[in-house]
Amino acid sequence: MNSYIQEQIRSYQEKYKHTGRLLIKCPDQPGIVSAVTQFLHKHEANIIESNQYTTDPHNGLFFMRIEFDSPRLPQEESVLREKFKEIGDQFNMTWTLKGAYNIKKTAIFASKELHCLRELLLEWQSGDLIADIQMVVSNHEDAKELVESFNLPFYHIPANKHIRKQVEEQQLQLLKDHEIDVIVLARYMQILTPEFVAAHPFKIINIHHSFLPAFIGANPHKRAHERGVKLIGATSHYVTNDLDEGPIIEQDIMRVDHRDSVDDLKKMGRSIERSVLARGVKWHLEDRLIVHENKTIVF
Amino acid sequence: MNSYIQEQIRSYQEKYKHTGRLLIKCPDQPGIVSAVTQFLHKHEANIIESNQYTTDPHNGLFFMRIEFDSPRLPQEESVLREKFKEIGDQFNMTWTLKGAYNIKKTAIFASKELHCLRELLLEWQSGDLIADIQMVVSNHEDAKELVESFNLPFYHIPANKHIRKQVEEQQLQLLKDHEIDVIVLARYMQILTPEFVAAHPFKIINIHHSFLPAFIGANPHKRAHERGVKLIGATSHYVTNDLDEGPIIEQDIMRVDHRDSVDDLKKMGRSIERSVLARGVKWHLEDRLIVHENKTIVF
Amino acid sequence: MNSYIQEQIRSYQEKYKHTGRLLIKCPDQPGIVSAVTQFLHKHEANIIESNQYTTDPHNGLFFMRIEFDSPRLPQEESVLREKFKEIGDQFNMTWTLKGAYNIKKTAIFASKELHCLRELLLEWQSGDLIADIQMVVSNHEDAKELVESFNLPFYHIPANKHIRKQVEEQQLQLLKDHEIDVIVLARYMQILTPEFVAAHPFKIINIHHSFLPAFIGANPHKRAHERGVKLIGATSHYVTNDLDEGPIIEQDIMRVDHRDSVDDLKKMGRSIERSVLARGVKWHLEDRLIVHENKTIVF
Amino acid sequence: MNSYIQEQIRSYQEKYKHTGRLLIKCPDQPGIVSAVTQFLHKHEANIIESNQYTTDPHNGLFFMRIEFDSPRLPQEESVLREKFKEIGDQFNMTWTLKGAYNIKKTAIFASKELHCLRELLLEWQSGDLIADIQMVVSNHEDAKELVESFNLPFYHIPANKHIRKQVEEQQLQLLKDHEIDVIVLARYMQILTPEFVAAHPFKIINIHHSFLPAFIGANPHKRAHERGVKLIGATSHYVTNDLDEGPIIEQDIMRVDHRDSVDDLKKMGRSIERSVLARGVKWHLEDRLIVHENKTIVF
């Protein structure tokens, strides 16, 4: 990591040293917000931003994200967690409480098309994407020069569907050794095994080069061209074991017209893919996403 | 038709009394543009706007739309057509040459959801959609009051899949009696028979309430909600015999999020449907559309 | 009011008969959310949607909007208000607590350009804009036929800058007689006196036909054309005594290009103005707006 | 220049070796298109794409861009130019005729904010921006490491308003030595002298961090925040001697809301600035821009 990026991360951590994030999911019932905010009040936490959502005020599910400021952070982060357990249990919550100063360890998987990887590295370098990028893994060598110019480790692990098992073993070992929190598939064109996916529930983010559910699978731009659509798009989503069927995080589109060839669509698509993936990754890194059934709540 | 609209149409016809539109489709080869523009030049026509497109400069198809201004219009419209035949034959063209002052006779088919019908009538009334609306046909009576408040004939022809044949006979007779040029399906929820469609090739425009090819068929908003998409859309297209598979004219989208219920999606969808249909209809009325295979060229 | 609209409003009121809305603005300090949510909990109110915002967690201003569901509504609406006073006083709040079933009495002011008026009436008629429209006031007769076709009272009050005082006296009397809550200036081209504005603080919504602060004042499309911009826009805002300088509620834009004449910009502008005004009015009607200094908080 | 980029440029030049571009500006009169297309036809040129625009069909100005394919290119490029002179003179045209395979020599001026520079280098490296980047010039050293990682020459020329004259002399010498065609100001925060601007008419492209004409001058995001706008934007334009008043090439916007601080606006603004500048530069490099009065025609 070069010194400029280190400086960016240090200044981020300084700025957010007293900032915590509480994410909650539980059956809705009266009194949840009241209990949570009393808890925060008691622990000198001032609410900076709060979002909540209920699928149905009568017997629905309740979701909340609170960003708060407390002088007890970062020292008492684990103490706060310990104490919050009581409320969590009382309301049958799934919850996390973490300091914003914890930077997520990130691995990027790439292949031959490098625009998404470049975008992530560029945003990271300019301090607009706060992640601890530990490695870039690729089945090709195309990204090597780029990655090493950012002083990041590059792992070339050739892959194809016949050696998927061995390849993933290598990858899993790497991810484990580096205690990776998030895996970003930046146009990594290999399918992952159910075992690999199961080992990282809602921690793998992929970019698909169409507005799903249109053009699931291969060659979306070619098929978009054949169908004569007037919009093309891209979708970032969590990876599950159903190809291109995981919870959608973000989507966007761009207008196209009859003059645009398949190659034009690909070129225009790149700029949507870049931004749709980068936004999705940032929201994940900022703990703004909660998965519910096959959907995301974006707070 | 009320007097305000009559005045709008008269002033439109006065403004465009010397304006002609030439649409061409033919195998590409050198010399087409040169021959066409010489022809126009010879007949005192000044080109106002010209658009062309070639699928491939080597042996592709060539498309062109020219809007021109000539003092010989409107008197010599048919003379110009007669004379253009030679060039048309020489280059093996499919072509039309018409005065912009010819207003298309239009029928709107509606059902119970009236937002698209309202939009068309409103745009028409304000002089932003230049059509000669001859009638509104519906299988329900919901639109009657609205349509008659615009002094337009309303035909209530109840329909369902069991009496499709008889219903269409009545409709076809009406369309024939009024020499209708364009049929707009403004959320008319009945499927048309192949015979009905074949009688009006690329003259029937439909609005589908999703960004096709996603969510073909019924209940797109319910399915969009289940899939957890972050965008919803609408598509206007020519009707062919493959449901929701005809040439796409226009599409647009709107951002949605996890808080939006199916009803919210429907409500938001209405405003996209209105504008996507109105734009598509206007382009058709202005002879801006050429169909090629299953796509539209929008000039 | 016709029966269809009456039915829409009845069904809205039935659906939201237990729904209340609480809006708060006060100096930020720990414990506000906790106190408010405890209060709601105590009065059997379940939070449906909650939004908050703090200008600065340390000594900033705090804003909150809560939509809640309580079986005590509508009967005990004034009781709840009475009881909330204690909390309001304790935290030095500016606040309102109202049932969502209260429909706002609305007056629309129009002139010769009718597209915004048409949009509001159309949305109202289809049940997408829930207001109790009491009248349309205009300084011209152009809108008369349209307004009366919706069975709404139309008041023609000719106006110009020389008789502003007398005109406003007539208007103020009408607004008072009908206990009007909101005034929508739907391209009403007259300037209001400071007295008129002062009598309706943050209750008058205007649409300006540019993206403010560009092209303040007259003829924005002509000036946009001269400047050669690639985007045109519209802005809905609360009216204050500084022309086009009031708190912005909503803005949107559309792409234009060199081919578009001033008339084209006006035509395209109409469709942005329509939707930007309609969105702004809806947010106001749903109590989603809080004014702070010269800005709006949109919850 | 690294080998990957050299390869991209070589393959671009191979692909477009027979492609020419003709740009025309002249008083409109009948017969122009006819004469031009006959000329192309005679020289075995097939029209790939053609765009034209007339300010007014009667005595207006006429603009045209034709992209054509001819086997006589690249060998006879200057011959074609020589022969076209006759038509150019006949119609009093300002015109250029060039092969698309000529790559423009480009200089980028940067300062401390590097996002626009990064975007241009990234697009260039991926073969999406075809330029012959000869140098990056900056008044600070922040960009040095980045630029040199792309194997490009970096010139550090400290600048301030007191030494403007000497600084520009150095810069002008560099630009002359390298025969620079285009200068891109990628958030270069220094004002250029009238002499510098006059030496490069419509060859200097700047990015301004607001949607002009709103927020001309310094600190647009701070002023946007104070005004409470709901959209922020960016504008790429040719540099003239009126600050932020040159012909606008491209603009775009992004939605913001009350929660966004000045720093948030800056951060969001960066991503608009990047893409608006890159699009503007690409259009210039592809000879898609004609300046007319203070506007651009974008073909």
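The first chain written gets the first letter, and so on, giving A, B, C and D; residue counts start at 1 in each chain.
Please note the rule applied: a contact is a pair of C-beta atoms (placed from the backbone, for glycine too) under 8 Å apart; a residue touches a chain by one contact, two chains touch by 3 or more.
It should be emphasised that the depicted structure is a prediction, and the values quoted were computed from it without experimental measurement.
Engineer: Would you identify the chain whose Cα-based centre sits farthest away from the centre of subunit A?
Structural biologist: That would be chain B.
Engineer: By residue number, over half of the contact pairs should agree; on that basis which option among C-D, B-D or B-C is the same interface as A-D?
Structural biologist: B-C
Engineer: Roughly how far is subunit A from subunit B, centre to centre by C-alpha average, rounded to an integer in Å?
Structural biologist: 43
Engineer: Roughly how far is subunit B from subunit C, going centre to centre by Cα mean, in whole Å?
Structural biologist: Here subunit B and subunit C have centroids separated by 36 Å.
Engineer: Subunit C: which residues touch two or more other chains?
Structural biologist: 49, 53, 259
Engineer: Drawing the touching chains as a network, do you get a line, a ring, a star, a complete graph or other?
Structural biologist: Contact map by chain: complete.
Engineer: Going by the contact rule set out above, which residues of subunit A touch subunit B in the complex?
Structural biologist: By the definition above, subunit A touches subunit B via 53, 211-215, 227-231, 233, 247-253, 257-259, 292-298.
Engineer: Tell me, which parts of subunit C touch subunit A in their complex?
Structural biologist: 28, 30-31, 33-34, 37-38, 40-41, 44-54, 57-58, 69
Engineer: Which of the residues in subunit D come into contact with subunit A in the complex?
Structural biologist: Touch residues, subunit D against subunit A: 2, 4, 49, 114-115, 118-119, 122, 125-126, 128, 145, 149, 259, 267, 270-271, 275.
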